[in-house]
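As written, the chains take the letters A, B and C, and residue 1 is the first residue of each chain.
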Amino acid sequence: MASETIRTAPAATLRSRLPVNWLGLLPFAAFATLFLILPTMKIVIGAFQTPDGSFTFANVANLNTPSIRAAYWISIRISVASALLGCAVGFAMSAAVVLGGLPRWIRGPLLTFSGVASNFAGVPLAFAFLATLGPVGLVTVFLRSQLGIDLRLLGFNLLSFWGLTITYLFFQIPLMILIITPALDGLKREWREAAEILGATGAQYWRMVALPILFPSLLGTFALLFANAFGAVATAIALTGSSLSIAPILLFAQIRGDVLGDPHLGYALAFGMIVITGIANGIYIWLRARSERWLK
Amino acid sequence: MKRLWAWGALFLGLLYFVLPLVGMTEFSLKMRRGEYSFDAYAKVLGDPRFQETFSYSVVMALFTIAFGVLLVVPTAYWVRLKVPRARPWIEFVTLLPLVIPAIVIVFGYIRLYNTSSWLPLTGTATGTNVLLMFGYATLALPYMYRAVDTGLRTIDVGTLTEAAQSLGAGWGTILARIILPNVLVAVLSGAFLTFAIVIGEFTMAALLNRPAFGPYMQLLGANRAYEPAALAVISFSITWLCMGLIQIVSRLAPKPPSQPN
Amino acid sequence: MSESFLSIRSVRKAFGATTVVQDFNLEVAPGEFVSFLGPSGCGKTTVLRMVAGFETPTSGAIVVAGKDVTRLRPNQRNIGMVFQAYALFPNLTVAQNVGFGLKVAGMGRADIDARVKEMLALIKLPEFGDRYPYQLSGGQQQRVALARALAPKPKLLLLDEPLSALDAKVRVSLRDEIRLIQKNLGITTIFVTHDQEEALSISDRIVVMYGGKAEQVGAPFEIYNRPRTKFVANFVGTLNVLEGTVSDAAAGKVALASGEIALPGRLDGARNGEAVSLALRPEAIALGQRAGADTRLAGKIADVHFLGSVIRVKVAVGGSVVSLDTFNSPSAPPPEIGQPTDISFSASDLLVLR
C-alpha cells in the first residue's frame, strides 16, 4: 500500500526529499519576488542611487525641503488624528457591546457592518462625505437651515485636515472595532470579580488590571491605524483633487508627471513612506505578540 | 446606569456611520430638480464609459480571483503538508502588502517593468493588464491566504492526502477533487473579498492608466455632481453584497470534525 | 446555641421564571469548614456567589459576623474568594497579585511587602514573588490565588471548585494544604465541589445539594452512613440496591427475589405490598458467612476484578447485582466466575429508601 511505503521510508529519504519539497513553493516564491519584493527593493535601492547608478544619500537629503517636509508632516498629523479618534470611538463602541450589558444580538451585526465599512474606502467614500458634509451636503444644509449653524463660517472645510480626518474615521473606527473586540472578549469576567472581592472599585480595576492588560492591543492597533491612514491615497485624491499636499498625493503626482523635477526624489519619497509604515506595523506586530504571550 | 452609557456610545457611533450613507443616497436621488428620482442612476448606468470600465473591472476581478486561487490553494496546501517550517516566512510575505502602501508597489512596477527593462510589461495594453492583475493579486494576497489557511486548518490535510494517494490519485486530482471542495467555503470568502477590493481599487489602475472602475469614478467626481453619489451607492451596495455573501457562505461551512482532546 | 458566624436565612434565587435556589438555610460556626457538594446545576455555586455578593438573593438574607451584608457590594464585604480558573491578574507579578487587596485598601509599601512575604511563606512559594502567572503551573497559581485571597485578612473564605482544573495528584495534595492553612488561620470557610471524595476528606460539615435545595447537612460520617434521601445515598459513595416488596410491615419483613429479610421497626408507615429499595454500602457485605452478620443471601459470582490489594467481586443475588470488595490473600486465589456463593451482612446496615 502506498501509504505504508510513505510511513516506513521517511527517515531514509528525508535528506533527498527536502530540496524537492521546497520546490513546491516555487510558483509562490516567483510571484512574491517578481511582484512584491523586487518592486519594493527597486524603490528602496533607487532611493539611494543617482541617475548614473552610483550610491548617494542625496535623494534622501533632498527630501528636506519645506514643501516635502510639510507634506510628510500633514500626513503624519492626519494619520495620528484619525488613529487617535478611531481608537477612542472604536473602543467606546466595542466596549459598549462587549462589556456594556447590551443585548447579545447586537454584536454580530456590528462586526459584520465593521467588516463592510472598513473596506468602504477610496473614491466612493469621498463622494459619500461630499454629499453629507460638503458645501451642499445633507448635514451642512440641515445645520444651516434648521439650527442656524453655518459650517463654512466656522471655518470647516471638507477639503482640509479635519475634513480628511473625519472621512478617514469611516474605515478607521470599524478596523478598531474588529481588532479590539476579541481583545475585550479576552478580559475574563473572573478578573473583574477577583478585583472586586479584593476591595477594588470599578475605576481601580480598570486602572490596575484591565487597561494594563489591554495596553499592548490598544497601542498596537493605534500603530496599525496610523499606518493605514498614512498609506491611503485614493480617498484623499477623490476628496481634495490633489490640492491637499499630503505625502501619498505628492508621490502620486510625482509618479504621474515628475512634478518635482527629479525622478529619484520620487524613490526617496516612496522610501520615506515605507520606513514610516514599516515602523508603525512593526510596532503593531511586536506588541500583539507580547500581549498574546501574557494572555495564555 | 452602565447600560445607558453603552447605548449612548453605540448610538452616537452609529449616527456617524449612518449620516454619510443617508447623505450619499439622498444626494443621488436629487438629480431632477424639486423631486426625488433615479435620474442619476439612469444616467450612470446608461453611460457607455460606465459599462466599459465596470465590465473591465469585473473581468479583471475574475482573473485575479482565478489566479489567486490557483496560486494560494496549492501553496497553502503544500506548506501545511510538506514544508511546515516555511510557514512563518510565507506568512510574513503575505503580510507585506498590508505594510507597503499600494502606491509604492505600483511605483515599483512602473520602474521595474517599463519598456526599457528586461520584462517590458507596460509596453502593451495586454502586458499592462497582466501587470495590473498581478498587482491586484498582491493586494488581495493577505486576505486570500488567511482565508484559505484557516480553511485548511479545519480539515486533516495529511490524512486526506494519504487516503487519496493510497487510492492512486495524483497531485492534480488530490488538489482539485479532494482539497478544493473541502476548503471551498474559505476560498469563496477570499474570492468575494478580492472582488470587493478589485472593483473599488483606484491607485494602481490610475497610475497604470487602465480603464478601470476606480479611475472612472474619480473622473466623474471631478466633473459631475449627482452621478458620483449614485456611483457611491452602487459601489457601497456591491461591497455590502460581497460581505453578505461571505457571511452566508461561512454559515454554510462544514463544522470541523470534533477532535478528541 | 453558639453564635454562628455566617448565617444564610431563607435565601431564594430566581432568574426570570427559573428558580435556581430554593429556601436555603445554613448556620456556619466560626472557624468551620463547610463544603457544598452536588452535581452541576444544583445551585451550589449560586449560593456561594450570593454570599460573595456577585448575585443578589431574590429573597432572604445573608449575615456575616452579625452584620447583614445582603445589599452590600462585593468590594464592601471583606470576604476572600478563590476561583476555579485561578483568575490571577496576568499583568502583575506573584507578589503584586498577593498584595493587590492591600494596595487597594491603601496600605503602606513596607507593610504590604511584609505581609506578602508572610503569605508566600504560608503557601510555601517564598522565592516566587517576581514571577508572572504564565510562568507557574496550575497548582502553583491556585496557591498564589489562595494567598491573594487571605492577604487582606478577610472574615470569610470562599472557594469555588478550586481544584477542578488541576491534575489528580495535585488535587489531593493541594486540598490537604488548603485544609491545613485553614485550620491554622481558623478562618470560616465555604468550599464548593462536585467531587465527593474531596468533600468527605476535608470538611467539618457537608451540605449535599440537588435541584436548588439542600438535601442533607451533616458531618461526613453521617452523610455517608446515614443518608436521608435517595439522592444523597446515590451521590455519595457507591451503593448496592436490592429491590423488594414489603411482605409484613408490622414485623418489618421485606421479600426479595433471593429470600426474606427482617428489619424490625424500620418499616413504620409502610403498607404491605409496597415497593421498597434496600441499599447497602460495599464494605458492609462479605463473601460467605461473616461473624456477627445476621442476614445471608444466596447468589452466584458474576464478575471478578483483581485490583491488586483489593479484589472487586460482583455477585448476582436474585434479580440484582451487588458489588463488594475483599482483600487479596496470597494463599487464596480469587473466586471464579459462575461459582455459587453466599453473601452476608447485618440487617442494621441496610438503608431503607422509599
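As a working rule, a residue touches a chain if its C-beta (ideal position, glycine included) is under 8 Å from a C-beta of that chain, and two chains touch if they have at least 3 such contacts.
This structure is a prediction, so every number in the text was calculated from the model and none was measured.
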| item | value |
| --- | --- |
| Chain whose averaged C-alpha position falls nearest the assembly-wide average | A |
| Per Cα centroids, the chain farthest from chain A | C |
| Top-ranked pair of chains - ranking by C-beta pairs in contact | A-B |
| Rounded Å distance, chain A centre to chain C centre (Cα mean) | 55 |
| CA centroid of chain B to CA centroid of chain C, Å | 58 |
| Whole-Å gap separating chain A and chain B, where each centre is the average of the chain's CA atoms | 17 |
| Residue list for chain A, restricted to those that touch at least two other chains | none |
| Residues of chain A touching chain C in the complex | 188, 190-191, 193-201, 204, 208-209, 212-213, 293-296 |
| Chain A residues touching chain B - in the complex, by the definition given at the top | 1-3, 6, 21-22, 24-25, 27-28, 31-32, 34-40, 42-43, 46, 89, 92-93, 95-97, 99-102, 106, 110, 112-113, 115-117, 119-133, 137-139, 169-170, 173, 227, 230-234, 237-238, 241, 248, 251-252, 255-256, 266-267, 270, 273-274, 277-278, 281, 285 |
| Touching residues on chain C, where the partner in the complex is chain A | 52-54, 73-75, 77-81, 83, 85, 87-92, 100-101, 103-105, 132, 134, 145, 148-149, 152 |
| Residues on chain B engaged by chain A in the complex (per definition of touch) | 2-3, 5-7, 9-10, 13, 16-17, 19-24, 26-28, 71-72, 74-75, 78-79, 82-83, 86, 90, 93, 95-112, 134-135, 137-138, 141, 162-163, 165-166, 168, 193, 196-197, 200-203, 206-207, 214, 217-218, 221-222, 228-229, 231-232, 235-236, 239-240, 243-244, 246-247 |
